[in-house]
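Structure first, then comments.
Letters A, B, C and D mark the chains as written, and numbering starts fresh at 1 in each.
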Amino acid sequence: MMLPFLKKAVYNAFTKPSTEAFPCPEAEGLGEYRGRIAFNQDSCVDCGMCIKVCAPMAITRTEEKVEGGKNVTRTFDLTSCTFCGTCADFCEEGSIKMTTDYHMVATDPKDLLVSGVTFREDKGTLTCDLSGCIFCGLCMRNCPEGALAVDRKAKTWVLDEAKCIQCGKCIGKCPKKVLSFGPVK
Amino acid sequence: MFNILWSLFYVLIFPGALFTVAVGLLLAGIDRKVVARMQHRIGPPIRQPLYDFLKLIGKETIIPKAANKLAFLGAPFVGFVSLALIMLFIPIFGFTAFSTSADMIVILYLITIPGVALIVGGSSSGSPYAGIGISREMVTMMAYELPFVLVLLTVAKKAGGVSLAFSMDAIANWQAANGSMLFQWAMIPAAIAMLLVIPAEVGTQPFDVAEAETEICEGPLVEYSGAPLGLFKLNSAMKMFVMSALFVSLFLGGIRTGFILIDAIIFVVLCIIVTVLCMSTIHAISARLKIEHLFKFYWTFVAGLAMASLILVWCGL
Amino acid sequence: MIQHFPVAAVMLLFLAAFLVEIFGSKNAVVRNVIALEAATISAVLIFALVKPILIDGQVISYWMGNWAPVSGYAIGIGYEIDALNLFFALLVCATFWLSCVYSIAYMKNDRHLGHYYTLFLMLSGSVLGLVLTGDVFNMFVMIEIMTFASVALTAFRNDSDFALEAGFKYLVIGSIGSSMTLAGVALLYGQCHTLNMAQISAILAGRMTPTSIMALGLIIAGFGVKSYIVPFHTPAADAYTTAPTSISMVFSGMVNKAGVYGMIRMVYVVFRAMDKSSVQMLLVLFGAATMFIGVTMALTQHDFKRLLAFHSISQIGYVITAIGLGSALGLTGGLFHAMNHTLFKGLLFLTAGAVLYATGTTNLDKVGGLSKKMPVTAACFLVGAFSISGLPPFNGFASKWMVYQALYTRAMESGNFVYALVTVVALIVSVMTLASFIKVTQSAFFGQCPAELKDTKEVPFSMQLPMIIMAVLCVAAGIFYKAVDKFLLNPAVNASFNVTKYVDSMIGEGTAAAAGLENILVNPVEFSFWNPLVWLVLFVIVFAAIALVILYGNFARGKVLEPDTANDAKYATFFSGEQEEFSQVAGSDLFWGFKKDWKGYYKVLVGLHNGNVNDYSTMAIIAAAVIVLCMFIFMR
Amino acid sequence: MLKELLNKSSMKSPWIYHINSGSCNGCDIELVAVLTPRYDAERFGFKLTGTPRHADIVVVSGPITSQSKERLVRTLAQVPEPKCVVSLGSCPKSGNVFKGSYSVEAPLDNYVHVDVSVAGCTPKPEAIMEGLYKAAQILQEKREAMNK
C-alpha cells in the first residue's frame, strides 16, 4: 500500500531537488503582489486621505514649523501595515505605490519605516468668491478633512478654518474657479 | 595493567565510545540527508547532527523545579555509557572487543537501557507531557521486544551455539563458514522483521509516537535543554548505529578480509545501507502511527514474520 | 558443637516467640530486644555454618534427642544441612533479620505488637525449620505452623475488612496445599516406611511406582500452593497487599522460597525425578504460565503492594521454570533467581512500606513526586526496580541470563518447540516487568507531588538501613556473580544433583551405593558474559569524564542553573504556557495503547480473579488434579 | 578552535519554537511553508521543535491577545539562553488591524526584546527565511558575547 510513495521517494532521491537557492532570486510574475510601500514625498499634497483610509492606523503624520510654512513628515510603519493597498488607491496624486519588494526584514525596527517629508508653505485662508459660486458642493465632497459645508438651497458656503489643511484639492475641483487662497497672515 | 589499558582503548576509542559516536553521527546525518532528498529537498549537510550536538552543549541547562536533579542529569549519561558498551559485544565481522561465549542477551538488555534512561529522565522531569511520553515509549518497547526476541532466537537457532545458546561469536563463525544469514531463504522473514524493529527501537518517523513533537511536545524530552538534551540526541544517533550494526552482524556477516580497518569500513558501509533502507525510506514515505496501531502492528505483522522464520528454522530449513 | 547450631537457631526463634508474648506484650523495649536478639543470634548461628558447609563441603546431620537410626531405619527426627539447605537458610535468615529491624520502626504505631512479634518469630522459626529439616513429616508440621502464622499475620491489621478477607482466602487455599502435602507425605510413608528424606531417597533411588508418582504429584501441588504458582496464586495477591509490609517482605522472601525449596528438595533429592521429561515439561509450563499471568495482572494494578505481589508470583514463575529444566545451568539460574528475588522483592516491599509509612497510602493514583521528599527510598526503589527488570549490571540480569540460556539450550538440544516458546515468554515477561515498574517509578516517585503530600518526610534510619543493605546486596550480587556462583550456587547445585553424600552422612556410609544411587556429574557452568569489575571501573571513568567535560568544562558556557526563586517562570514545568499546576500522569493512566489491544485478554483474566474463595479453591483443586493426572499419564 | 566551532555551530543549528498568540494562521502556514521542499529551511539546520526548552529562535505570530499574553511571556521565559525572538508578520509588533482592540495587547517589544522583525501580512516564505537566517546570525553573536 505504500508502494506509490516508495516509488516517488526513490524517484525524488535521484532527481534534482526542487529547492530554490538562498538568498532567493526575485520571483517572477509577482505582478499584483503588494509589498513594501514606496512613498513619493514630492508629489504628496498632504491631503491626509491615506491616513483616513488606513485600517491598521499604520500611517502617522507629524508637522514641524519652518520658515514660510511647515515640514510634514508622513511615516508608513511596515510592521503595522496590513498591505491592503487602500492608501495607494485613494492617493489622488499617486504618491503612494505598493511595490513587489517583499524583503521586509530588519533587526532595527527603524528599517521598516517608510517616511517622507513634504514641505508645505502657508498658503493663507481659503476664500470663495460667492458671486461666482453656484454652490454645486464639489469642493465639499472632495475635501479630505470635511472642512467645508455647502448648502445648495440656502446658498451658503462655510469654511471651518480649524479643519482646513490647505491641500488645495477644492481649488482644483471647482468648476467655476471661484476658490483661492487668501493672503498669508 | 596492559589488559586494562586495552579494555580502556576498546571502551573509549575503537568499537566503543568514539567510534560509535562518530559513526552514529554520520548515520544520523546521512539519514537526514537521504530523507530530505527523498522529499525532493536539499537537506541539511551530513555533519548537521554534530552541529546540533555542539550547539546544545553550548546552551544553558535548565532544571525545572519539579525535577529530581540527579535522575534528570544522570539519565542521559547512563544511556550514553550503555550504548558505548554495546558495540563491544557486536562482532565487527571477525573482530569482537570482548569475546564472550554468550552476548545476545547482554546486547538485548543493554539496548533497553537507553530507553529506560530516557524514561527515567523524562519521568523525573515531572512534566505531564513526559508522563504520556514515557507511557508511549514503554508501550513501544513492549511492542518491538516480541519480534526482536523472536528474531534473535531464530538466528541463534540457525547458527546453533555449541555450549550456550545465544552466542554472537557462534553466529559470526557460522556466517564465515556458510555465508551470510540473509542468503538463507528461511531467514528472510526474520530479516524483514528485524528491519522493521530497528526504526521502532531508534524511534524514527512512523514509530516515534513517544517523542511526537507536534502532539506531546517531544514527550520525555520536553523539559530537557542544553547538554543533557544534546546527549539524548547523541544517544539516538548512536542507537541508529548500534541497531544497524546488530542487523549487519546478525544477517550480513561472513566477510573476513583479515584487516580490521577494511573490515570496519565495509561494516560501516553496510550499516549505512541498512540505515537508509529501513530508517530513511520508511521515514520518508510514512506518517506517524497511533500507539495502539503500533502495538498491534508489531505483535501481529512483524512478530508473525519473525515467528514464521523461527518455525521454518525449527523445521530444519 | 557446630552440629547443634541449626536446631538451636530454630528453637531459639520458637522460644523467643513465647518469651515475647510473656514479657513483651506491655513493654516495647523488652519486646524489641527479645525479638531482635533472637533474630540476630539465630542468623549468626546459621551464618556460622557457611564455612564448614559451603567452603569445606561438609554435610551436617543431627538427630533430635540423639535418636540415631536403628538397623538402618531412621526413627527420629533428623536435621540435615547440606549446601542446598544452607543456601535457603541463609536467605531466610537474611530476610527475617532485615524484616525484624524494619518492623521496629515500621510497626510502632500498631496495636498488639506482642502478638505481632510472636507470630513473626513463629513464622521465621517455622520457615527456618522447614528448610533445615531432613524429615518429611517435620517439614509438613513446619508448613502448618508457617501457614497459620502467615494467616494470622495477613489478617494482623484486622481493622480493615480486606485483611480479614485476605486472611480467610489464605487460610482456605493454604489448607488445601497443606492437605495435599500431607497426603503426599502419607503416601510416601506407606511406600517407604520411613519419613527421613535421605532414606526415602535411598529407597526410591529414582524408581517410580504408582504410589510414589501419586505422592510426587500431590507434593508438587502442595509446594506449588506454598510457592504460589499460577492456579494457586490467588490468595497471594491479597495476602501480600494487606499484610504489614514487613510481613509482605517475609512472605515473598521466605515463605515463597520455602515452597521453592520444598519443590527442589523433593523433586531433585527425594524423588530424583528431575531427569523425567514429563516432570520437566510440567514444571516449565506451570512456571511459564505463572510468570506470564503474574506479570500481565501486575501491569493493570494500581496499588503499589498489589503490583509487587503479582510480580512476586511472576518471578517465582522464572524460578520454577528454571528449576524445572533439570539441568545444572537451569538449577543454578533458578537458585540464583530465587536468591535475587528475595533481595530485590524484599527491597521493593520495604520501599512500598516506606511509602505507606510516610504517606499513608499505597494507591499509585494518589501519590507522586516522592523522590524529592524521600531520596533514599527512591534510590533504593530504582535499584530494586532495575534488578527485577533484569537490567545489567544488577543481579536480576545475571540470573535471568542463566534462565534464558538454560531454557534455550534445552530447546535446541531437545528440539522441542515448547521450550523455545517459553524462552520467548520469559524474555517478554522481563520487558513487561520493566513496564510495570516504570509505572511505579513514574506515578509514585517521579512526576509531581500532590498538595496533600507536601510535607512528607523520609522514613527513620532504622527503616532505611534494611533497604540500603538490600540495595547494596542487589548490586553486589549482580557484579560479583562469579563469587556468588562459586560459593553459594555451585555447592547448592552439586548438593541437589549428588545425593550420595547426603544419604551417607545421614543413614551411614555405603547406603547410597547399596541403593544404587549415583552421582550425576554436574558440569561447571560457564559464566563469561562479562567481566564486571573492569566494566565497573570503565563505567566510572567514562561517566566521570563526560560529566566533567560537559557540565563543568570551561569551554561550554551552558551553566547548570538551580531553581532559585519560587515563582520564576523559567524553572516552572512547561504547560504549553499555562500557569504551572498539579498534573500527574498516575499509575492507571499509563500504557493506554497496550491495554486497549489486550482488552479481551484482560476481560478473561480479571474474570478469573473474581475474589470468590469457592472459585479459587475449585481452581486449586482442578490444578492439583491436573498435575497428578499429568504425572500418571506422562510419567515413564 | 573548539570555541570557534561551538560558536559556529550555534548558527548552524538554530531550532525554532513557534508561538501563536492569536494569529489568523496566515503567518503560521507560511512558516510551515518554509520547511517545504521548495524553500527547505532544514538545509541550514532549522528545525521546528515542540517545546521552548529546545528552542534557539522563538517565532511569535499574532497580535498577542490578552488571553495569550500571560502564556506568551511565560513560555518566552522558559527558553534557555542564548535565544533570539523573531516577530512574524505585522501583528506582534503593532497589532495590525486589531490595533486598539480591548483584547489585544500588541507591541511585543513591551514584554521582550525583539531581535528580528519580519514585516508583511503575511510575509512571503522567502522573507521568513531571510528573517530566520538573520536571527541565526544574531544567535551566533549572542553566543560569542556569552563566551567573553
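The rule is short, and it goes like this: a residue touches a chain if its C-beta (ideal position, glycine included) is under 8 Å from a C-beta of that chain, and two chains touch if they have at least 3 such contacts.
All values derive from a computational prediction rather than experimental measurement.
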| item | value |
| --- | --- |
| Chain ID, smallest distance between chain and overall C-alpha centroids | B |
| Result of counting contacting C-beta pairs for A-D and B-C, higher pair | B-C |
| Chain of greatest Cα-centre distance to subunit A | C |
| Rounded Å distance between subunit B and subunit C, as computed from the means of their C-alpha atoms | 34 |
| Chain centre separation in whole Å, for subunit C relative to subunit A (CA means) | 86 |
| Centroid spacing, where centroids are CA-atom means, of subunit A and subunit D in whole angstrom | 31 |
| Intercentroid distance (Cα basis), subunit D paired with subunit C, Å | 57 |
| Interface hub residues of subunit B, defined as touching at least two other chains | 36, 39-43, 57-62, 129, 217, 222-223, 226 |
| Residues within subunit C bordering two or more other chains | 556-558, 570, 572, 574, 576 |
| Multi-partner residues of subunit D (each touching 2 or more other chains) | 6, 37, 40, 43-44, 51, 53, 78, 80 |
| All touching chain pairs, where touch follows the definition stated at the start | A-B, A-D, B-C, B-D, C-D |
| Residue ranges of subunit B touching subunit A (in the complex, touch as defined) | 34, 36-43, 281, 284-286 |
| Residue numbers on subunit A that touch subunit B, as the complex places them | 2, 5-6, 8-10, 12-13, 15, 17-19 |
| Subunit D to subunit A touching residues, read off their complex | 37-40, 43-44, 87, 90, 93-97, 99-100, 109, 114-121, 123-124, 126-127, 129-131, 133-134, 138 |
| Contacting residues of subunit B [partner subunit D, same complex] | 32, 36, 39-45, 48, 50-52, 54-55, 57-62, 129, 212-214, 216-218, 221-226, 229 |
| Complex interface listing, subunit C residues touching subunit B | 369, 371-372, 378, 382, 386, 389-392, 397, 400-401, 404-405, 408-409, 411-412, 415, 417, 420, 423-424, 427-428, 431-432, 434-435, 438-439, 441-442, 446-449, 526, 528-531, 534-535, 537-539, 541-543, 546-547, 550-551, 556-563, 566, 570-576, 580, 583-585, 589-594, 596-597 |
